[in-house]
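Each structure below is given as structure tokens.
Each of the two complexes below includes chain A, the first together with chain B, the second together with chain C.
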Partner chain A sequence: MIESGLVDWSRLQFALTACYHWIFVPLTLGLSIIMAVMESIYVIKGDLFWQKTAKFWMKLFAINFAVGIATGIILEFQFGTNWSNYSWFVGDIFGAPLAIEGIFAFFMEATFFAVMFFGWNKVGKRFHLLSTWLTGIGASVSALWILIANAWMQHPVGMEFNPDTVRHEMVDFWALVMNPVASSKFMHSVFSGWMTGAVFVIGISCWYLLKRRETRFALSSIRVAAIVGLAGTMAVMFSGDKSGVQTAEYQPMKLAAMEGLEKGGKRAPFSIVPGIEVPGMLSVLATHDLDGFVPGINDILDGYTDESGKVMPSAEDKIARGKRAIDAFSTYRAMKNESPSVADSARKVLQENMPYFGYGYLQSRNDLIPPVSLVYWAFRAMVGLGAFFLLLMTAILWFECRQTLVQKRWLQHIALWTMPLIYIAGQAGWIVAEVGRQPWTIQGLLPVNAAVSSVSVGAVQTTFFIFVAIFTLFLIIEIRIMLKAVQKGPEIEHK
Partner chain B sequence: MITYEFLQQYWWFLISLLGGLLVFLLFVQGGNALIFLAGKDEREKELIVNSTGRKWELTFTTLVTFGGAFFASFPLFYSTSFGGAYWVWILILITFVFQAVSYEFQTKAGNLIGRTWFRVFLALNGFLAPLLIGTAVGTFFSGSKFVVAKEAVGNVAAPTISKWATEWHGLEAVASMFNVGFGLAVMCLAIVLGALYLINHIEDDRLAADLRKWLKISFGLFLIPFLYVVYRLFTMEGFAVDTEGVVYMQGGKYLQNLLQMPMVLSLFVLGVLLVVGGVAGSLLKPTFRRGIWLAAPGAVFVVMALFMIAGYNNTAYYPSTADIQSSLTLANSCSSEFTLRTMAVVSLIIPFVVAYIAYAWRQMDKQSLTREELDTSDKY
Partner chain C sequence: MKNTFKKIYCFYIDGFRNMTWGRELWWLILLKVIILFLVLRVFFFQPVLEGMSMEEKSEHVGEELSDKLDVKM
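On to the complex of A and B.
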């Protein structure tokens, strides 16, 4: 028997690590591009001011980068330590992008990070610039392969279940790579990183403006960051729209939870906040059609017929078919040597019911409902803040182009205090994507209770609290070091 | 003809290579273990930290890639070992986590606990990470207590296929002298490699003299567990696999593996000679600074040979002492043929990756690290 509480503590530990990791990664993704642009300007113009500007942001980048690496390694190995059944059941597919990430991206990041940071006096200007770009590209390539892996968990494709080896096996690598969910997830995550980098640079630069110091440095940094940030915001909006349509198609329960939609239908309304709705808007967003049908939580549990006439079974039916698949699997395994004909018919039953295999591990229909309130509010936080960042960056760039930003102290205050908000938006996005798909580790195939390792609850609780202590300590230290470094400043204009 | 069996062997070769490279790159840990031993004053400590600090990401990345490659090619190992020997892997990870931030945090204003503590973390990682990794790898020969039952997937109440058969979850490995000896050997080898790397990378006569002293001590200490492990390895029973995949105990299995695979034997002997040559050259000739470039391939070859005798020649590379038939072999723990084939194509990029790392390394290390450089360039 799985020990009571083991699944929840294992989930909590994974969520903790992922949340902390996602504090540091977006800044790495965004800041790497911003400082690469700054160094490019330095190489093109030959103006040392831009070199010093890039170097200042590199200093902050390095502090952040270290903690991102520290939390990332725990995340990778947790698939084995805490989700061992998952590691075998889908390792044949899931392991590949992780290995490719290591070979293609990590070595690139690691090698060129050292050149970028220590190579100013050791390598030529152009090789150094290339190293800075390759550090940023390496981070994005790393995100690409991780998000290909993550997209496969959201929308599994390109595999078949093999009852002899008791796992899903890859049959189409390109289906995995070209998974439509992967491209939108990659764009949404990486470009949200650009937004994070931009808000971070703009916020710190505005602090200098408020303190009336480092003015040229601050305004120059703001200009680069706002352009990168606006480009990122556009891409995030585009990929967010695409992601919404895909969620409606592949993970309707997640979409229903995001909207708190109990009863769906055509011309489904979009909820701004509870009690305030825009009629038909959800149908437009989810299907790009005002008359598009969007199922609610109860529709999904009770079963419904979609627009194409396809009948979606009820939760009870799916669970029953899942249990049939699992029973057929056991029969096949027991009989494959003793009675090939019995094994053969069991295999057919297994194949017929395989799409519902994971449902067989669920106890009741309620297991299929993710935490609705959390997902609902996280989605509103993410979208609402995203719209605010778009306005802010547009305003910042507008006033900067008109050369009046220095006088707009109210805007500088807003930009400074927006810095924590970008992190809240990022965390909210993670909650929507990952909490919204519970109880599945792999959509429809493997729920969390069938994926967990056989370790004691006490062991997981202990490591959970150890990680809480370590990560929190690191976060506090990082913030303190960054604050000190910012207070000290780039020291360009004093010299 | 590239068969499924060939692909399994090929991927074990890559795992062996990555394992060898990881042990070589543990020179970073070995160097950090010497921070407080060889670094007599602040300047010398700074030189050591800044020397290993320019390579630590490579060790870290190799560890992560080693894990990723194991996941992709032998997922049952990933599932069984990480999920079972929970505490050993968690401890290894924690030491690396502290190392990852310590370089960056140690000298920065506002780091809360001060420079010395972060250097203590680096030194602790320097001793503990190789010790724990070595102890964990020792179980590739001595075995661990676990049971794998794939039928469990059909049990809705308890579907976990691999279970550890002791509540110690990996900590029981330290009860074996062989495992601990293995760990101590890897730890001392890391310090030997660290000393050799620092001698090569730092130009500083005073520090070099201390490093040579610690090279002598660490190599002497290395020989004790290494010779013990080799003796035990060549005399112990091993976990052999017959043509039906049935695992059984066979006397002198690992020695037989070595003798039956002359290429592996040559690799092992050549590796040992290169390590000894690198160390001897550095100890006998005070002006000789290139010992690392002999010992590094030597360490890679020795570790590769050890992985090969663990997994090749019909051997169970991750044996179970709780249920011998649960032991992991290349055949029963690997990915599907399609995945191994696809990943084999991906692996063709590895020489290119090695080439650009070598190029960047050469560009960065054309000149040795000096006290003067610490005053004029970016540093940790």
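On to the complex of A and C.
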């Protein structure tokens, strides 16, 4: 028996942990590349200034890494305890990429991370540089495997459901790895990390400029960070466009929620904010065609015919087919030993209706609608802030190249106070990607109410508040250590 | 070969010994690992399917998925 509120508390706990984890990951991804570029300049030019500059950012990287490390493991605890049906149902599909990620991360980190921190003056300059780059690349490759697993939940491919084991079995590893959603998610997440690293370095460097200290260090760091950040922004825009087209194709309800689009059609408008729209823009973004058809929430619930003439069933049809699949699954399980012929025909019905299996757990058509306001505003926050970061980094680089940045104290203030905004943009991105695909844990196959374990709601509430306390404590510790390191500074120009 | 392992071992030991500000971070990591694995994992996060055989796990989840038709969102 499932207690009332269990699904929501379990979701909330998972969201809290994932969002907390996502505070640290983007900075690891971005800062590792920025410090690797700085160390490359040191190796090429042989100027010790660049070595000390890279070393300072490595120190902040280490602080962020130390607090962020293992926060992802809590998510795995939750899979086993709070989402045990999901964990079993996904089978080795989810386990394989996570295992590769675990082994990869461990070896990369234990080896190259250690050389990066312990290896100054002990290994050659070039080997040290290689280790710094491999630490950054290793973090990105780790993210790749996590995002392959996540992409499978958004667009499940390369598997077959086995009703005997009640698990999905991988039938095509390359379909899983080459999932189109994985590549755009990987690019979007990793390059948004570059933006985070850039805004972080620029913000702290501008603080030094405002304090009129470490000027050469600050300006040099800003130049590298702004270039990395702008390259990252371009890649984020490109992958965001690709992601939009994929969302329209594989998760049209998420796209409709992102736009608050109730009734769709051809030449669908893009909403800037409620009441201000750009005609036809959504069709262009979602289908790369001004006349492209974009379904709204009601179209998806009522059923519609897409561009290629494919008829998409209504919510009621999908729910009915889902219930047929679950009935057939129960019949198969009950009859497989007693009456093989009945079990065989049940298995056929299950296979025919398997793409709708998860719909059978929905109580009404409205269960298919994610929280529209939250997703709509999160999308606007992510895109709006992204455009602002592009402008800021362009302006910073422009004034730095003209050697007038030191005088632009207003811009330094803006850059400093932009630091929290990059984290808000990152969290907003997570909300769009994950809240936007509710109610699914696996798109079309398993909604949250079927995925959740039958545990007590009190236990989930207790651990939720324990997490709130622990996460707050560690975040305060990190910020304090980080501020202490920043106040101390790189100690280049005092010596 | 033995020499290589010795060198790697000494590299890590020297690295840890000569740490300055990094020491504080290692204490932080240690504290976190203790909280995660010795407190949360042991007392609060026991996997529901732990201790079951593969068949029992399939049976348990199969029953759960057959019985969850009335669970609200």
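Please note the rule applied: the second predicted complex is superposed on the first by the 492 of 495 C-alpha atoms of A that agree within 3 Å, B and C clash if a C-alpha of one lies under 4 Å from a C-alpha of the other, contacts with A are read in each partner's own complex, and residues count from 1 in each chain.
Here, a contact is a pair of C-beta atoms (placed from the backbone, for glycine too) under 8 Å apart; a residue touches a chain by one contact, two chains touch by 3 or more.
Being a predicted model, the structure only gives us computed values, none of them experimental.
Novice: Check chain A with both chain B and chain C modelled on it and let me know: fit or clash.
Specialist: Partners clash after overlay.
Novice: Once the shared chain is lined up, is A:339 touching chain B (first), chain C (second), both, or neither of them?
Specialist: neither
Novice: Regarding the shared-chain residue A:373, is it in contact with chain B (first), chain C (second), both, or neither?
Specialist: neither
Novice: Go through the superposed model and pick first if A:360 touches only chain B, second if only chain C, both, or neither.
Specialist: A:360: touches chain B and chain C.
Novice: Given the touch rule stated above, what does A:485 touch, chain B (first), chain C (second), both, or neither?
Specialist: Once the two structures are laid over each other on A, A:485 reaches both partners.
Novice: Is the number of chain A residues in contact higher for chain B or for chain C?
Specialist: More residues of chain A are touched by B.
Novice: Once the structures are superposed on A, label A:472 by its partner contacts, choosing first (chain B), second (chain C), both or neither.
Specialist: Neither partner.
Novice: Touch test for A:169: chain B only (first), chain C only (second), both, or neither?
Specialist: first
Novice: After lining up the shared chain so the two structures overlap, which partner does A:448 touch, if you call chain B first and chain C second: first, second, both or neither?
Specialist: second
Novice: Of the partners chain B and chain C, which touch A:70 in the superposed model: first, second, both, neither?
Specialist: Both partners, chain B and chain C.
Novice: Applying the document's definition of touch, where does A:104 land relative to chain B and chain C: first, second, both, or neither?
Specialist: In the superposed model, A:104 contacts chain B only, not chain C.
Novice: Between 22-30, 148-156, 202-210 or 256-264, work out which stretch of chain B sticks into chain C after superposition.
Specialist: Between chain B and chain C, the clashing stretch is 148-156.
Novice: Counting contacts the way the document defines them, which residues of chain A are shared by the two interfaces, the one with chain B and the one with chain C?
Specialist: Comparing the two interfaces on chain A, one with chain B and one with chain C, the shared residues are 2, 62-63, 66-67, 69-70, 73-74, 77, 80-81, 84-85, 87-89, 114, 117-119, 122, 165-167, 323, 326, 329-330, 333, 360-361, 449-450, 452-455, 459, 463, 466, 470, 474, 477, 481, 485.
Novice: Could you please specify the touching residues of chain A with respect to chain C in the complex?
Specialist: Against chain C, chain A makes touches at 2, 4, 7, 59, 62-63, 66-67, 69-70, 73-74, 77-78, 80-81, 84-85, 87-89, 114, 117-119, 122, 164-167, 323, 326, 329-330, 333, 360-363, 367, 439, 447-450, 452-455, 459, 462-463, 466, 470, 474, 477, 481, 485.
Novice: For chain B, which residues count as touching chain A in their complex?
Specialist: Those residues of chain B that touch chain A are 54-55, 57-58, 60-61, 63-65, 67-69, 71-73, 75-76, 78-84, 86-87, 89-90, 93-94, 96-98, 100-101, 103-105, 108-113, 150-151, 153-164, 167, 169, 335-336, 338-339, 342-343, 346-347, 349-350, 353, 356-357, 360-361, 363-364, 366-367, 376-379.
Novice: Quick check on the complex: what are the chain A residues that touch chain B?
Specialist: It is residues 1-2, 62-63, 65-67, 69-74, 76-77, 79-85, 87-89, 91-96, 98-104, 106-115, 117-123, 127, 131, 162, 165-167, 169-171, 173, 323, 326-327, 329-330, 333-334, 360-361, 449-450, 452-456, 459, 463, 466, 470, 473-474, 476-478, 480-481, 483-485, 488 of chain A that touch chain B.
Novice: Mind pulling up the chain C residues that touch chain A in the complex?
Specialist: Those in contact with chain A are residues 11-12, 14-16, 18, 21-22, 24-26, 28-29, 32-33, 35-36, 40-41, 44-50, 54, 57-58, 61-62, 64-66, 68-73.
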